[in-house]
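Shown next, in structure tokens, is the structure this report addresses.
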Amino acid sequence: MSAYVLSIVSLVGINIILALGLHLISGLCGQVSLGHAAFYGVGAYTTALLAKAGYPIGLTLPAAMAAAAVAGFVVGLCSLRVREDFLAIATMAAGFIFLGVVKQNEALGGEIGISGIAMPSFGRDGFVALELGVTVLVILFCLHVRRSWLGFGFSAVADDDVAAQMVGVDNRAYKLTAFCIGTALAGLAGGFLAYYLRGVSPDAFGFTASISVLCMVVLGGMQSIAGCIIATTILTLMPEVLRFADNYKLLIFGALLFLTMRFLPDGLGGLFALARRKEAGPS
Amino acid sequence: MKLIWELALQGLLNGCIYALIAVGLVMVYGLLRVLHIAHAGLFTLGAYVSLVVTNATGSLALALACSVITVGLSGIAIYRFCYEPILSRPPYVVLIVSIGLFIMMEEIFRIVFGPYGLSYLKPPLQERFTILGTGITAAELSVVLITIVLFATLDAFNRFTRIGIASRATVSDPQMASSFGVDIRLIRDMTFFIGSAFAAVAGTMVGVLNNLVEPTMGSVPSYKALAIIVLGGMGSIRGALASALFLGLIEAFGTTYLGTLLDRDAIAFTVLLVVLMLRPAGLTGKKT
Amino acid sequence: MMDPKQPRPALEVRDIAVQFGGIRAIDHVSFAVGKGDLVGLIGPNGAGKTTMLRVVSGQVRPQVGQVLLDGRDMRGFRVAQRARTGLGMSNQIVRPFRHLTLLDNVALAAGHDRTSSPWVAIGSVSRKRQRAAAMELLALVGIASVAHADPRSQPLGVLKRLEVARALAMKPVVLLLDEPLAGLNQAEAGKLADTILELNASGVTIVLIEHNLAEAQRICRRFLVLDNGRKIADGPVAAVMADDAVITAYLGEGWRNATR
């Protein structure tokens, strides 16, 4: 495979991990977050700092996940105090605060960020293989969560968190769990991104990035893991495919979001469900 | 002392602009529970219409009128074609539609008017006054006066006219209002018109203040205004005015005294988070 | 048998007061429900019955007062914890999980040992046993035929019974039912009332809020009457139904003296 293809493929993998993290929080557990990119950033910066300090990838990635999960836990605690729309705004606030802290902090490279991260010792191909392997594991993990009683509980909390409590589901514990797992995945994706780009800079983790991830999840249909993966792949490849129409790239992106949600509010997942029903025969 | 006055003035100005932008979002949110991000695109549209008309005719007043009408009608069109058909969907669906629309609007402005922004040929309202020892331009003074007049009018409208009262009733209980014969669709159209008109005024004034109208000028208001409606307790117009001014002042003083720790957005959102933790329903919101 | 000295009530509320803005929804009400009792909590619209149930279940925090479940003060217990200590509840305004089938609505409750904590929950997948249990409960309340349906497509009568089945799946010691018979036709209501009576006979303590006084009189042993947030009567069904204050609350002033 050419270097170009490899690089695109690994970016798709990173975005899938990132989007599945948000899928757990917003899709399965129903807590819409507008600040997911901040946790992506926490993971990336943690990895960048540790990698620069000479620690191996076997340590930096778990540390990235842990750091992001701790941040996610704190934001999750805040989320317990506020209602739905407030939650979206509170997570957005968390994203801006992260960005503000990073940009003003010289130890984190300020506006410029951190560069010069070395590829792991096993080289670029090995890195891509590792990353894709982990992506597959993350997909399997998310499928398991959905099938398990944890996913069952999440769907109850997403639907009606008082009724969930009436059947003994402790909505707070479940929301916090969703936040921790989802943000840990974002941290993992951020860790991979730091190696992929050989550096980090604050712009990659701003509000726009949070919105793009949310778009991947919503476009995928909120409930559907397959939809989420496909939507992520499409949205990641789109800038490459639309290279010829560079001036209209963002316009097309906006139109895609607008038209899909306006005319297909259940997203790709809804489309699959429709197809399945058609297949099953008219009734 | 001089610095404090200047900061206060700066904060007040920003607060007024925030308030003019946020009021539309607040009204829409109160009525439909929709986070109407594309509102920031209408703000930019308002700035462009005013600039183009002023440069063509030389009259800012005429331009403002054109801007208010164009943007107000665009607001209604957005409601009718983009939101109304999907109102029964979960809120995030409408949110993404709105974001998509906002991105499209920004891109269209960039493609039509160019990426670098436009300026007034003859910048209006540049006369300078001195009040309380602080220099102030006519443009800055107009922002404050316009905000006061518009908010007072809106408040009176909501309290003393039938349609205003009906619209408040629609906010608190649409079904009840509709069974008393209130035309819900008319109320919604009107809400979008008024809210968007306010955004047009805000856009025009920002364009005049900076003598620059850029395709991306709506991106900061797009998220900052959300913070304001949360601070104000979601759906309360007076709360929005109060929290817009509060935020404007906090940002002005915060960037000066805390600028080395956090940037402007982070200061605003830290305050937002602290307020939310202490009062989960917003500054002026009732506890539920 | 029972402790002869002082049998501890299954549920006791002491001096509960709830205020919503200017409305005093509950005005210092106390009562106790003995183990194995079947009490009808009745009263006209707006009396505060649902609010009382929401206080007991932990959805509304009273300004003053205590709720004791089997002698244990429930202060600081959230709804989920109360549900796990044996408090089953069905809502007047139905709130099914809309994205789950009727069967899974009940199966989720039946698996409350699986969902006790996220750690336990992530470790188990099979829903077979809980679905079987849920199916039995749906059959018990008479809606097994629509087990695989989407709750959004079902009429109120079915969803009301779904509420009851879901509450039962929690294996409650004390069961709070808020107008379970509303929306059911006469035959269905009679059958569900019989089921409630059987449950009570099997040892579940039940507090039944009902406007269907005919069925409530038939199955309850005791009535507790609220009016305007106050307790106006408490005692055996026949005595309460003959009580002047109760008649006035339901039928209005002057019923006694009016000519036939």
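Which chain is which? They are A, B and C, in the order written, and residues in each are numbered from 1.
One rule holds in what follows: a contact is a pair of C-beta atoms (placed from the backbone, for glycine too) under 8 Å apart; a residue touches a chain by one contact, two chains touch by 3 or more.
The structure presented is a predicted model; accordingly, all values stated were derived computationally and were not measured.
> Which chains contact both chain A and chain C?
none
> Mean of the CA atoms for each chain, then the mean for all of them together: which chain is nearest?
A
> Name the chain whose C-alpha centroid is farthest from the C-alpha centroid of chain C.
Computed centres place B farthest from chain C.
> Between chain A and chain C, what's the gap in Å when you average each chain's C-alpha atoms?
Using C-alpha averages as centres, the distance is 42 Å.
> Please work out the Cα centroid separation of chain B and chain C, and write it as a whole number of Å.
48
> Compute the distance, rounded to whole Å, between the mean C-alpha positions of chain A and chain B.
From the centre of chain A to the centre of chain B is 31 Å.
> Name, in rising order, each residue of chain B that touches chain A in their complex.
29, 33, 35, 82, 85-86, 89-93, 95-97, 99-108, 111, 223, 226-227, 230, 234, 259-270, 272-273, 276-277, 280, 282
> State the interface residues of chain A toward chain B in the complex, per the touch definition above.
26, 32, 78, 81-86, 88-90, 92-94, 96-97, 99-101, 103-104, 207, 211, 214-215, 218-219, 222, 247-248, 250-251, 253-259, 261-262, 265
> In their complex, what parts of chain C are in touch with chain A?
Going by the criterion above, the answer is residues 57, 59, 78-81, 83-84, 89, 91, 95-100, 104, 108-109, 111-112, 114-118, 120-125, 127, 166-167, 169-170.
> Would you mind writing out the residues of chain A in touch with chain C in their complex?
144-145, 147-150, 152-153, 155-156, 158-160, 162-174, 177, 223
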